[in-house]
Structure formats: C-alpha cells, structure tokens
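Heads up, the next two complexes both have subunit A, just with different partners, subunit B and then subunit C.
Let's look at the complex of A and B:
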C-alpha cells in the first residue's frame, strides 16, 4: 500500500471516529433539535405577533419577509455554531484520556490528523444545520434543490471554519468545565450580534441605522464575521441580503482557511 | 457485513427519530389566523371602489380580484365580505389609507407583488402582470430636455426607479395628479411622452394615436398583481394559496382571467427605441 493510500485510510479512520461518536451520542442529537425548536417554534411564533402588521404601511420590521422567515437561516447558523465549537470538547477529551497521544505517534502527519478531526466535526455540524431545513415548511420558506445544495456547501464551509475555531479554543482551555463556560461566552454574543434576530435595514446609511439602534450595537454587528455568514445563508435561502452578497461567501471561506491554519499551528504544539 | 450493519444501526435509528420528530413538528400551525376566520365564518376583502378590471364597481361583473376572492372563500367554507374603501389608492403612502387588521383579511384591487409591498404585507401573486409602461405617440424615446408626464399609481411599484431613469436621460418630469390630466397633457403635446403603471391602463381613455410601449426590460421588470395578506398570517396565507392552486389546476382561474379580458389589458406594442 503506498503512502498516499495509507494517509487517506488514516484520514477516513479519524473522520469516521468523529461521525460515529457524534451520531451515537443521543444527547448531541437532542441538542441539535432542541435549539431549532426553541428558537423557531417557541421564540419565532411567540414574537411573531409583535412583528406582524396591524395597519397597512406601518410595521417596525421593514423587510420583505415574516419574522419566522427572517429567523430561519440564523437558527441554522446557531445550530452549526454550537455543534462546531462544542466539537472542541472532543479534542480536550482525546487529550485528557490519552487517545490523542496514541494517534499522534502514528505515521500520519499531524495536520492530516487535524484535518480528519475537523472534517468529522464539520460533517456533524452540517448535519445539525441540515436538520433545521426540515422545519422550512413551518417557517414558510420554499426551497429548491439548487438552494438546498448551495446552502449545504455554505453550511459545510462555515462549519469547517468554526470547528477549526473550536480547536483553537481547545488549545487554550485545559478543562471540560472551563470550556463549557468559555464556549457559551463566545457563541451567544456572536449569535446575538450577528443581525440574527433583528435586521439592519440595508437601505439605511450608518447614521440612519444609529437612529434605530445605538451606534455601538451597529458597530458590533458590522464587525462580527457571523453577521456575514448569516447574511450569506439568508441570500441563498430567502433571497435577502443586508450586505453585499459576495462578502458573506468571502468571509466564510476566509474563516475556514484562516482558522484551520491557526489550528494547525496550535495542534502541532500539543 | 453483519458487523458493519450493526455499527450503523444505532446512529440510523437516532437520526430517523430526529427527522421524524422534526417533520411532524413542521406541520404545526404557526398562528391562529385561519382558525379565527373559520370561527367567525367570514373572510374580509378590502378593495378600492374601482380598479378595472380587478375591481369594476359593477355588481354583475364585480371584477377579477373580487370573483377570485369569492371562489377562494367558497373553497375555505367562508362567506366573503367585500369592504369597498375609498381611501385605498388616494395617497401614495398606504399608511394614509388607514387599513387595519380589523377591517381586512385580504387587500386586493391594485396590490403589486413587489419588494415595497412585501415590506408591509405577505403577497399571493395572481396571473395579472403590472410594471411601469411608456405611453406616447411614437415608440422612440424623446430627446434630453423633453417633458415626460408621470402618473404614479399606488400598487407598490418602485417610484425611485422611474425618477432615476428620467433624471439619467435628462427629461423634465411633469407629475400628473389624475388620469384625466395625464391623458390631457399627452393629447395637447404639453408632454411628449408619459410613464404610468400598466395595471392602471384600463382606467385611462388614451387619446387617438397614443399607444402603450414597454420600457427597457433590463431596467423595468414586470411584476405580478397580488392579494395582500397581513404579515404573520401564515396559516391563512397557506389556505388561500392552496385554494388558488386548486382553481389554477381546474382551469377556473384561466377562464376567469379570459372573462375579464386580462390578456388585452396586458397588451403593449413594443419596447421603446432609444
């Protein structure tokens, strides 16, 4: 067997381990469905009356979609964020229980081991994001096969970047408990400041937006890379962009490449 | 082989349970809009007094939109109540029409399925098309500096798009306050050309020799006319959409469109020549 085949088999083994572990873990799957249920079925429906029109020409939420449709792509991103970043737990686990040491002494290059782990994490996160697509009917989002394919490609690239980000976090956090607190302080602020639950009207200038929202919030939304990921997914799923459409795709790809390169450096030090 | 099957059995069962659960939940009603209408037994339709051929004011041939809404109401097992409101279309800002959820379930008779409309309402497109059209004696666009009359309707087309186009071509804009003034300035030659909404053409009596032309398609796409429903009334929207779908499949929608001559109503000669 030549070296390439051996490396590919190793890569497949690392990937498969992550997939098997994630799909056998019922708690992870329950997490994967509880978030969309809470955000779409409870929060989306609960807040819907506050965003609907009562007088023609008078709505607070001036976007050509319902609140549920607006929220739908953001919930997909939320599911991906949680699953990807929580993937770092698997890295900490492997480190704590010695599995990582065993893998690292194998002839596989370290970056390839990391690539297999990140691919596995990204596949699971994409699956969790894809579970939300099942609720498209509930949110009144009509999807074509082409839209689904494009959304899955974007979701996978985003998941790859965020899983790499999780590995970067794992290199800096030594315990499970520490990571649990740390990940929530990263995920929730990133999600809430990504224009996921409120829109920045694309027709407004920055000064005009500052009339609706304080300038510091507009600033946080605009510098948050997740804002552009949510926007890219909105562009694909409901054909609505708040920012230049290419930015979202560019930032998702940049996150995937950038975070993976940093993760390689961190992983090599372990 | 057996070991491989066992390895994937548990994950497959877990996934199947999750997918089945989410699929079942996706059928939950997200609101009470349809249930509320079914409780009262009435579907309220708000229309302007006249917007031919969508609303004619003739009790025997009340208009395409009214007849379509009646068929939809019948399909839903509801009684249609038509509220004719003179405030509709009086002002370009729909807020001044003062239409409330209490008065109307559906707004029709001059609602275009555009981004502007969808910012305030959910829309269900009907087969009739609209868009900006040119009206004049010649298919050639006038020279820069010429006067162009504009009769803007209230269906929800983008007015900024027209004003930008007029400005870029160096024409002077003459806003017309009424259909009569619009046709008058075209007839007298005070305006060498006119721009108006295609859906409002049926209400115009064009002077002899004046024809309707398409504006450049790249800049001025055509839109569908629509029924407007309140945002958030998802279940009612789904039911109305399903009823219209049934009418379309049975051919009844096409027969209704033919009876109101909507094909002729959509006619225009050719695209304007720059």
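Let's look at the complex of A and C:
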C-alpha cells in the first residue's frame, strides 16, 4: 500500500513536470495553435471546392463529405504527431543537461520514470490535438459528447504510442540540431502518405485504383500505420471509414504497446 | 563508535556492521582499455565525514557513480547503508542524497517546483514535502527565490539549491561531488556547519570528492586517490604526520650568507628572491643548522606539514589547479558534439 502510494506520487511528479514545462514552452504552444489554423483555414478552405472524386472530368467515386470535414480528423493527427515526436527533444534535453541523473538516482524504477514521462508527453499532445476539436463547428463537423470522449481516448492512445516513438528516436539521436531536421523528414512524409489530404477509395478494384493513383503511392499509404490512425479518427468524428473500422483502433493500440516496450528497453540502457 | 573511516585489514570480510555506512570491496571499473578504478577497497563509518581527494580523472566520480547506482562496476562489490548497489538498487537509492558535479536542476522550473518534484519522486507525502522544502530553502537562504525560475539563478545559487534538494528526503548518506566550487566562503561555512549538525544528530554520513585541499581539512578521514588507486588514507593529522614534511623557511642576512648556507645544505630550495626552504623533519639537524648560522639569518620560520605537501610527496605532483577549466571545456565540447 505504502509502496504503491510512493510510486503513484513519483509518477504524478514526473507527469506534472512535463505538463509544467509544456505550459512554459511558448514556441510549442504557438505551433500547436497555428498549425491547425493553417491547414484548415488555408489548405482546407482553398481545396474545398475541388473535392469531388472527379478524375479527368469523369466522376470516379463520390465521398459524401466536404474537404474540410475530410481533412479535419487528419489535422488532429498531424497536431498530435508534431507534439509527440517533438517530445524527444525533452528526453534529449534531460540527458544532455544532467537532469536525467536526478531521476536515475531516485528510488523510482526506470520503467515507471519513463511511463510518467510518456504519459506527460501524451497528455500535452492530446491537448494539442484537442485544440483542433474546437474548430469542429468551423469545419462543419457536429459532434456529440460521446464522439468527443471516444475521439479523445483514441487521440490519447495514439499520442502515447507516438511519444514512445519519440523516446526511441531520442535514444538514437545525439544532438538537438540533428533532431530538428530529422523530425521533419519523418513527420511530413508519414502525414502525406496517410490518406490524410486525399482519399483512397477502397471500393475500387486494384486496377481502377492504379489508374487513379500510381501503385507505389497506394502501397505507401497502405503500409503507413498513420493511415489507419487517421481512418479510425474519421470513423469516430465523421463516421467515414476507408478501411475495416476495427483495424485503426487495433493499430493505434499496437503502436502504443509496441513502441512503449521498445522505449523501455532503450531507456533502461542509459 | 569509530571516530572516522579506517583502513580495514580485510574489507568486505564478515557481516557488514551497522556502524559502517559504506563499504567498498575490491571495486574496479574500466572505460574501454583504461582502468579507472583499480581494486579499490574502503570502509566509511556511519556519521563520519569522508573525503576523496585526488586530481580530476583520478576515478573519484566513477566511484561515486557506482555507489549511487548510476554505473555498474566491472569487478568487486559495494554496499551503501547495507544495500548492495547492484542487487538492491532500490534500497540503496532510498538512503542516498546526491549532489552532482554538474547541475542537475530543471532550469525551466522554479526553485520550489524543483524541490516539489524531488519530494514526489522520493514518495514523500504532501505535508512533509512542504515542511521539508521550506526548511531546506531556509538553510541555503533561498526563501526569497522560491518562485523564481532556476534559469535566472547564478552558479552559486544553483549549487545551494542542489544541496538543499539532496537533503530534502533526509538521506542517511550524502554524496557531494566537488560540492562547494562556486560558493562564497560564508555559505560554504554555513552549509558545512549544518552538515556537521546532521552528522551529530542524525548520524548522516557525508562523502565528498574534491580536488580542493581547503575543502577536506575538516573531514574525519581523507582518502587520497590517484590513477584509480587509493594511495593513502587517514585523518588529516595522521596523513600529515606520516607523509608530510616540516620545512624551515629562512631569510639569510645577505648574499654571502645565502651562498654559505646553500653550500652547507645542498637540499635547500630557493624560496622567493632572498629566502631558502630546508627540510626540517630531523630535529637534531635543524638544531645544528640553527646553531651554526644563527647570526646570519634575519628571519626563521617553521612550516608545519600541509595536506598539499602530503599530496605532493605521495603523488610527486601538485593537485591540478586548472583541472576545472579543462573539465568545463570538455563538457562544452561534449554538449556540442553530443557525446555522453
């Protein structure tokens, strides 16, 4: 009992530190607010009139949504991806500036320290994702409380997995400068190939799909785990799935568990 | 009760007595092909103040890292407060307070938040955290700064906050790695006085590493370490008697007297422009010398052995004074290159 209380206090302490640090990090907050505005207000509004499954003047498939509605869940995922993966900077920071030793000599077990840190990072990322939800009305997405709750749960699980992924990256990257470049080369390609800004219509046969999109792009979209995270969120928020609905949730949970386990192994080595 | 750490004839043999706070048995550590610690054994009595003295790179910090469970030894074993540092890490960590050589504060948090974090991580209940945080902040005279972000603190203030933090959870053993570098004399005295009180009242054991001689004069036991080996151990007085040398400083009346003395005593070393320093361990020899040259000296002074001279005679060199600069330069390079 006493041991559990002590462990919980430690967990809370590590979590609270991440939250406190995030509220003092203006740049990150500004990024979290401006990113959805740019994507929805500029890209979303700009492309909205052109969104009709029309290829070379011929309607191939019809998606019963506006582009803004279609893009909306993807922007949530984008905001979560940025904040989660950027979390690696916090891990590198701790290591390079010596703070890590303060926790490593404490009685908290290593995995619990990491768990608290990842929970903290995931909380911040989820909040950044939730900032996008405020724009729901603007994107013409009406949400029930139930939908919001379910979406938040999915967002948090996704954020947990991606934050763990950030920790894994941090263990392999030695400097801040390197990480900045690195994170952009990871985040944007993953985002663009996740069927976030254009739909793949799985109702089409393989041959038909290949006419619409080159095969390599379809392949990239299909092997990208983020595709399924975006899809799961679309299922919840606008009730539209391009893939079997259960897959998205399964892959989000699998990423959370898998990446966290790898992160524990990496962290224990330090 | 032992008065200080002592050289045990067979360290590690037999059960660990409760009077022993730290016992180290045949510990070795290597970095690649370099041996940093070579078969080090020592025992530190509970409630004592023990100082590891040695130049940078002697292996002090490595020893401290092993004792604080941050690094595994490559051979041998060590116990802190009865807990093995490899097999019983949890227990070992609970009884330790550590002040690292480089700052390990979160400089984006306030002083109070840093303490609060430490208290939570050590599992302290809310009320105890608040009381202890206020008490340790008062000790290091940082009450007025409790809600300031640490980034705005000077080096000395950070140091003080770090010492306060290490004492927050009332550890049985306190490690201070190069503790008071950057502290003004007043604070240094104050902190040592408080630590002495804790040693008396609560049997706190203090293990200090340093390359500043002044810092270890007050220690119960000094352990001189160089190239990963213990080369001498004992109380400051014992070390001075065993390894130090007395010197006689004289100023001859004129140049003729100076050359006469130099001719008679080839072991004399020049001291300043006009003086000479003579080894003075042999009383009879000193008497004979003084009898012979009494009229030709304007000034005579005995110099008692200092720890500096002990260190010099044991290692054949001075403690590197500029070691700090080298360390800092390395640290900066390490950050840029992302080593570590």
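Everything that follows uses one rule, which is that the second predicted complex is superposed on the first by the 259 of 270 C-alpha atoms of A that agree within 3 Å, B and C clash if a C-alpha of one lies under 4 Å from a C-alpha of the other, contacts with A are read in each partner's own complex, and residues count from 1 in each chain.
Keep in mind that, in the parts below, a contact is a pair of C-beta atoms (placed from the backbone, for glycine too) under 8 Å apart; a residue touches a chain by one contact, two chains touch by 3 or more.
Please read all numbers here as calculations on a predicted model, not as lab measurements.
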item	value
Subunit B versus subunit C as contact partner of A:98, first or second or both or neither	second
Touching partner for A:24 - first (subunit B), second (subunit C), both, neither	both
Touching partner for A:138 - first (subunit B), second (subunit C), both, neither	first
Touched partner set for A:172, first subunit B, second subunit C, both or neither	neither
Which superposed partner A:66 touches (first subunit B, second subunit C, both, neither)	first
Subunit B versus subunit C as contact partner of A:32, first or second or both or neither	first
Which superposed partner A:48 touches (first subunit B, second subunit C, both, neither)	first
Intersection of the subunit A residues that touch subunit B with those that touch subunit C	20, 24
In the complex with subunit A, residue positions of subunit C that touch it	68-70, 90, 93-94, 96, 98, 100, 102-109, 113, 116-125, 149, 165, 335-340
List of subunit A residues in touch with subunit C within their complex	5-7, 9-10, 12-14, 16-17, 20-21, 24-25, 95-109, 174-175, 178
Subunit A-facing residues of subunit B, complex	7, 10-11, 14-15, 18-19, 21-23, 25-28, 30-31, 93-101, 104, 107, 115, 118-122, 228, 230-234, 237-238
Sites on subunit A touched by subunit B in the complex	20, 23-24, 26, 29, 32-33, 36-37, 41, 44-45, 48-49, 51-59, 61-68, 131, 134-140
